[in-house]
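Next come two complexes built around chain A: one with chain B, the other with chain C.
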Partner chain A sequence: MSTKASADALPTRRASRPAGRRGQPVKPTARQQGAATPWLFLAPYLLLFGGFVVLPAVLGVWISLHSWDYTLPLKPFVGLENYVSLFRPDSTVSGPFWGSMRATGIFTLFSVPLLLTIPLAVALLMSRKFPGRNFLRAIYFAPYVLGVAVVAVLWRYLLDNNIGLVNHYLGLLGLPDDTAWTTSTPAAWVALVGVTVWWTLGFNAVIYLAALQDIPIELYEAARVDGANAWQQFVHVTIPGLKPILSFITIITLLASANMFGQSYLMTQGGPGRETRTAIYQIAETGLRNFQMGSAAAMSYVLTLFLMAVSAFVFWIFREKKESTAKEARS
Partner chain B sequence: MTTVEKVDSPVSATESRPVSRRATIARVVILGSIAIAFISPIIFMVVTSFKTRAEAAGIPPTWIPNPFSLQAYESILAPGTGTPVLQWFANSMIAAALNAALVVITASLAAYPLARMHFRGKNVVFAVIVATLLVPPVILVIPNYLIVSELGWLNSLLAVIVPTAASAFGVFFMRQFFISLPVELEEAARLDGANRFIIFTRVVLPLAKPALATLALLAFLGNWNDFLWPVYVLFSPEVQTLPAGLSTLQSANAVRYDLLMAGAVVASVPVLALFVFLQRFIIEGVSRSGVKG
Partner chain C sequence: MTKPRMSVRRRFAAATALGTAAILAVTGCSGGTPETAGEAFTGEYTGPEVELSFWNGFTGGDGPFMESMVEQFNTEHDNITVVSNTMQWVDFYQRLPAAVTAGEGPDVGVMHLDQLATNAARSVIVPLDDLAEELELTADDFTPEVWDAGVYNDARYGIPLDVHSLAMYYNTEHFAAAGITEPPVDAASFQEALDKLTAAGYETPFWMPTRWPSHLIDLSLLWQNGGEPFGEEEATFGSEAGITGLEWQRGIVEDGYSPSDVAIDSQYVAFKNGETSITWDGIWQINDLTQSGLPYGMAPVPTIGESEAVWANSHNFFLARQASADQNKTDAAKVFIAWMSEQSAEWAGSGMIPARQSVRDAGALDGLPQEPIAEQIDAMRFLPPIPGIGTVVSDTLEIAVADGVLGSTPPSDALTEAEGRATQLMEDNAASFGG
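Right after this comes the complex of A and B.
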């Protein structure tokens, strides 16, 4: 179809060439494509997207309405029972599920604030040009390219009770050197949060750094002329300048923390007991190890609702703050 | 904070120079020492992989292997161990390369009409694709397992190559890039009688090389490091990728940290090498992904 369209265009080209293409109106060129052309371009992607994003998103709801055991031939329709039993305290699934939601909550609550503030401090220290800056930026980013499996296996070694580097150096500093980092709480939470901060700090720092460099230097100069000290400049220039990025970085950090899986799977095996087994871990084990897919699908939608509510809340907070600082700036 | 000092401020250049030089030195020293501490776990991982079994389990931990030993590598790379690390390496390479290729091809093809053509349904398609960026991937895991199972891809590399290639981020990223290109070259080619596909492959894609390279790298890294999905869909050791394999290696050798660190090094070398040589693309890709949000 596009061949025909371009054949139509040929005479135009010959006729108009000497006059140049400046005067060419936009509309005819836009029409030179056949109606199917854009869809031919989109087809390969839409095939993947339909098959592995749209279809499963719908299929998941269907599964969650059935007692869907992957290994059994019959998958009877049970309506909302999978959802209801998640909220019934006497059911076998609700205890482990809400325990895992609690684990995800604890992890998110402690990791997100650290992952929002520490990378900002690093980015502020690196926002000015100095010798070796790009090298340092690369070092802070490096753990992120390793992937969670390497990071978790490595840190389980470093955090080993008896022969681990961490306990050894704590002992040298005169601190307790027998902490069971991966088999007792709250130490396991410190370990999981600490390792995650080490692993992903560079990712957030790089995003902050790019945003800091977009703040016009003139704003700082103007603030200085007005007599603002360093802290006031940070509060009135840097923070408002980071506003556009702040809600984005909060949301992606929040979602990443709420999706924590590998650290717990490899470092603590969800232990002690099930204390560090996160919601994702619980969903994967229920659906893909025990093959109770109906129940697991229901859990995944409940978790998703939670995440959407929290994300909406974050958006709302940032909108409120944006308005109030704008007012502040005007007054 | 010190961010706001400006070295070449025209007014106070002479007075502020010594102070800011001292501040710069302090900054380099602070950031440098933190950086050394920061990177030391990775160094210790490499160091340990060259230790003997006894030294790796010894107290106190040592920073220089004595003797320098290849035992751990010989042991994990030997055939017939039930933990075929070389096979995992090959599987990871194949999966990540093919996945990255699929992402780059499908995302750039899809992004082009969304950036440059006018057609019915364009806004709806784009909105739906972008909306899925906010869908937590967890709701896709269970149903995708069934879909992959129906396709007969369970326990095969296809399961980790194809489903994750539907990259909404890729489409979004390439569309932004195409929009930023000047339209004149494409118009000139069109007036020369080229059809849209020829324009796309001969004019647009060559201009988009940096963006394509960045997207390919991010897709490769993402696939190479993916953990949850491969752990559950690849269950035989010989079809696993390295992250799933590391999990197998860990359950088989709970406290053989020499072996585990050697396995971790094998899993890290390709991505660290890519990072060292192409870090500009990776870091800029990540920071650009943020700026647009």
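Right after this comes the complex of A and C.
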């Protein structure tokens, strides 16, 4: 990091040269400007970051230590009680909360692998040259531009087990046509994961596509000269070439899946029972419908800790593998 | 669609409201002390010109009626201009406390009866006793249940505009084909009607929803069986009366009169498409069904239990707490409420039943589809005025009823478990609202 910082200072000194033309000595001010300039450039973002990320996060900790209902004049300090009751089985919040954490876990577990592999397959197809390629690329990306409300309402009606088209066509194909896609598990999970994959695969596919185009064509040529077939080229050229982007995609997909809310809110209403009620759903219900902001804030921080742990784990996995390949690539 | 129907249309709007509420919650987290609605009401407003913001949730077929009444009020009152702000009810109940706490609340608004106590306890709304006195509104002109439920801690917070209940809608073509001449009124005739419809080829004549308004059906059956869903401090919907009701609902599915797993809203869509013959839904759907051109009739919900009873709710005018009191605005708002209450006959066109006996007696409902339902007004039952009751219901009873109708949990287990949780939540609420 230290070597990088000195390298970054170089352009700043260059940029300060025009100031010297106005008759000011170049060297003494350069250092002062160099110190303030990055902060000035960062200021607009830092203001937003501080105001909308850091401050709410700190305020959230403060709220989580209170019995906080913003409509009531008294917001008594309760210490860690909001956290303790999350771990006390006989409290009203712990059952639904851990149920919702489980739901989030199930959803993440099934959606992330699909959202990592299917978009890669799509990207590999789309990186080939064939007529109508741009049109197909647009088609695959199209669902992503729809809002969650549109997607969820659309699929809720399509998947309705009594009046929906999906079961109707399954019946025509001679398959079981009485699956309750939105009111029974595990079918509801299949529906939620399926809809989410359909909806967001375009985004990951675009990132993969960009990364694929960054892999030097010479590597493929060299591999072919060495007699590698298509599969071997994929394993030994494409996959290593994608590795830097893979950790990024994994993390954002993981976080997006763990934050799933709209799909279950609109398609299943958290049903059957509370089974598909995700953590964010439960937090929103607690904090914004029941106005128990203290408890909701505590839930948010427990969820945050989980997500930080999972993210750290993912980083660790990718770092282990990256070190060897990165060195090779650099040399 | 004037009730907070837990349909998708409302839900996705709610998702955006959550964000708004969150921001407002952060910016406006300083609470205030409750205040009354100013000095005694004089009945007229003679002050300078004022503009009143009027919040309501009439987004369905009732919206145009409210809008035309507001326009009429504005033309009749030179110095008062009422500006409506209409939003989905789900948004409404999240935005209102946030807006009032931030000092940006409306001057006047309409909310549901079962939300009055909650918002009174949060001091989002202020007492209106002087207005009720000045208007000479008394319990005599209203059903006692509607009138009494507007009182919290000995103060009146709402002036009822209408009542609206569940009703039975039926497809008249199906009924004619099945040879049913009179709408069923009790368990036996309802059963007979279902059998006749099945025999006439309508295989699933009565789709039993798992979600909205299934818990309202359950509440109606519970009251019919002589039960009460809530006591003062505890939930009692897991009583024998409630369990019998939910078992009957599940029985409709098990006996094949309804398909299983009826997902949200699909029973209503199926009814509109003529796929099912009977559905129980709110009277606020009248205009929607009439517009759809479906040949339908409506009748009171049959008495499946021992005595006549049906779930109902009521729209009530309220005054919101203001950051800085403006006596002129308060007086003007009271004039508005008084005028609307007197003109509630026109409101009947929206499908609602005017709350005032005198308005109904003057023939406001003559020839309207909800006329037969209004005759049942004394059998209408309302949730009690307990702060926080709305979210208790949605967090416990709704889920238990859904599980019971789905058949994933036996009705008695589902209700008993939810009842325990509801009681716990009510205790928590009582503690945070200071009893």
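As a working rule, the second predicted complex is superposed on the first by the 272 of 331 C-alpha atoms of A that agree within 3 Å, B and C clash if a C-alpha of one lies under 4 Å from a C-alpha of the other, contacts with A are read in each partner's own complex, and residues count from 1 in each chain.
Please note the rule applied: a contact is a pair of C-beta atoms (placed from the backbone, for glycine too) under 8 Å apart; a residue touches a chain by one contact, two chains touch by 3 or more.
This structure is a prediction, so every number in the text was calculated from the model and none was measured.
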_Superposed model, chain A: greater residue contact from chain B or chain C_ = B
*Does chain B (first) or chain C (second) touch A:231, or do both, or does neither?*
first
*Kindly classify A:72 by the partners it touches after superposition: chain B alone (first), chain C alone (second), both, or neither?*
second
*Using the touch definition from the top, say if A:112 reaches chain B (first), chain C (second), both or neither.*
neither
*asked:* Going by the contact rule set out at the top, does A:138 touch chain B (first), chain C (second), both, or neither?
replied: first
*Counting only touches as set out at the top, which of chain B and chain C does A:262 meet: first, second, both, neither?*
both
*asked:* According to the stated criteria, A:160 is in contact with first (chain B), second (chain C), both, or neither; which is it?
replied: both
*Please work out whether A:120 is in contact with chain B alone, chain C alone, both, or neither, and reply first, second, both or neither.*
neither
*Have a look at where A:246 lands relative to chain B and chain C in the superposition and call it first, second, both or neither.*
neither
*Across the two complexes, find the residues of chain A that touch chain B and also touch chain C.*
56, 59, 70, 148-149, 153, 156, 160, 162-163, 261-262, 265-266, 284, 287-289, 293
*Interfacial residue positions of chain C with respect to chain A in the complex*: 6, 8, 11-12, 15, 18, 21-22, 25-26, 28-29, 31-33, 94, 97-98, 100-101, 122-124, 207, 210-211, 259-264, 266, 269-270, 273, 275, 388, 391, 394-395, 399, 402-403, 406, 408-409, 421, 424-425, 428, 432-434
*Which part of chain B faces chain A closely enough to touch in the complex?*
1-7, 24, 27-28, 30-32, 35, 38-39, 41-42, 44-45, 48, 57-61, 102, 105-107, 109-110, 112-114, 117-119, 122, 125, 128-129, 132, 134-147, 149, 162-166, 168, 171, 187-188, 190-197, 200, 221, 224-228, 231-232, 242-244, 246-247, 250, 255, 257, 260-261, 263-264, 267-268, 271-272, 274-276, 279, 282-283, 286-291, 293
_Touching residues of chain A toward chain B in the complex: what are they?_
2-3, 5-7, 9-10, 12-13, 16-17, 21, 24, 29-30, 32-33, 35, 37-42, 44-46, 48-49, 51-57, 59-60, 63, 70, 122, 124-132, 136-143, 145-150, 153-158, 160, 162-165, 168, 198, 203, 206-207, 209-212, 214, 217, 220-221, 223-224, 230-231, 233-234, 237-238, 245, 248-249, 252, 255, 258-259, 261-262, 265-266, 279-280, 283-284, 287-289, 293, 296-297, 300-301, 303-304, 307-308, 311
*Inside the complex, what are the residues of chain A that reach chain C?*
56, 59, 67, 69-75, 92, 148-149, 152-153, 156, 160-163, 180, 182-184, 261-262, 265-266, 269, 271-274, 284-285, 287-291, 293
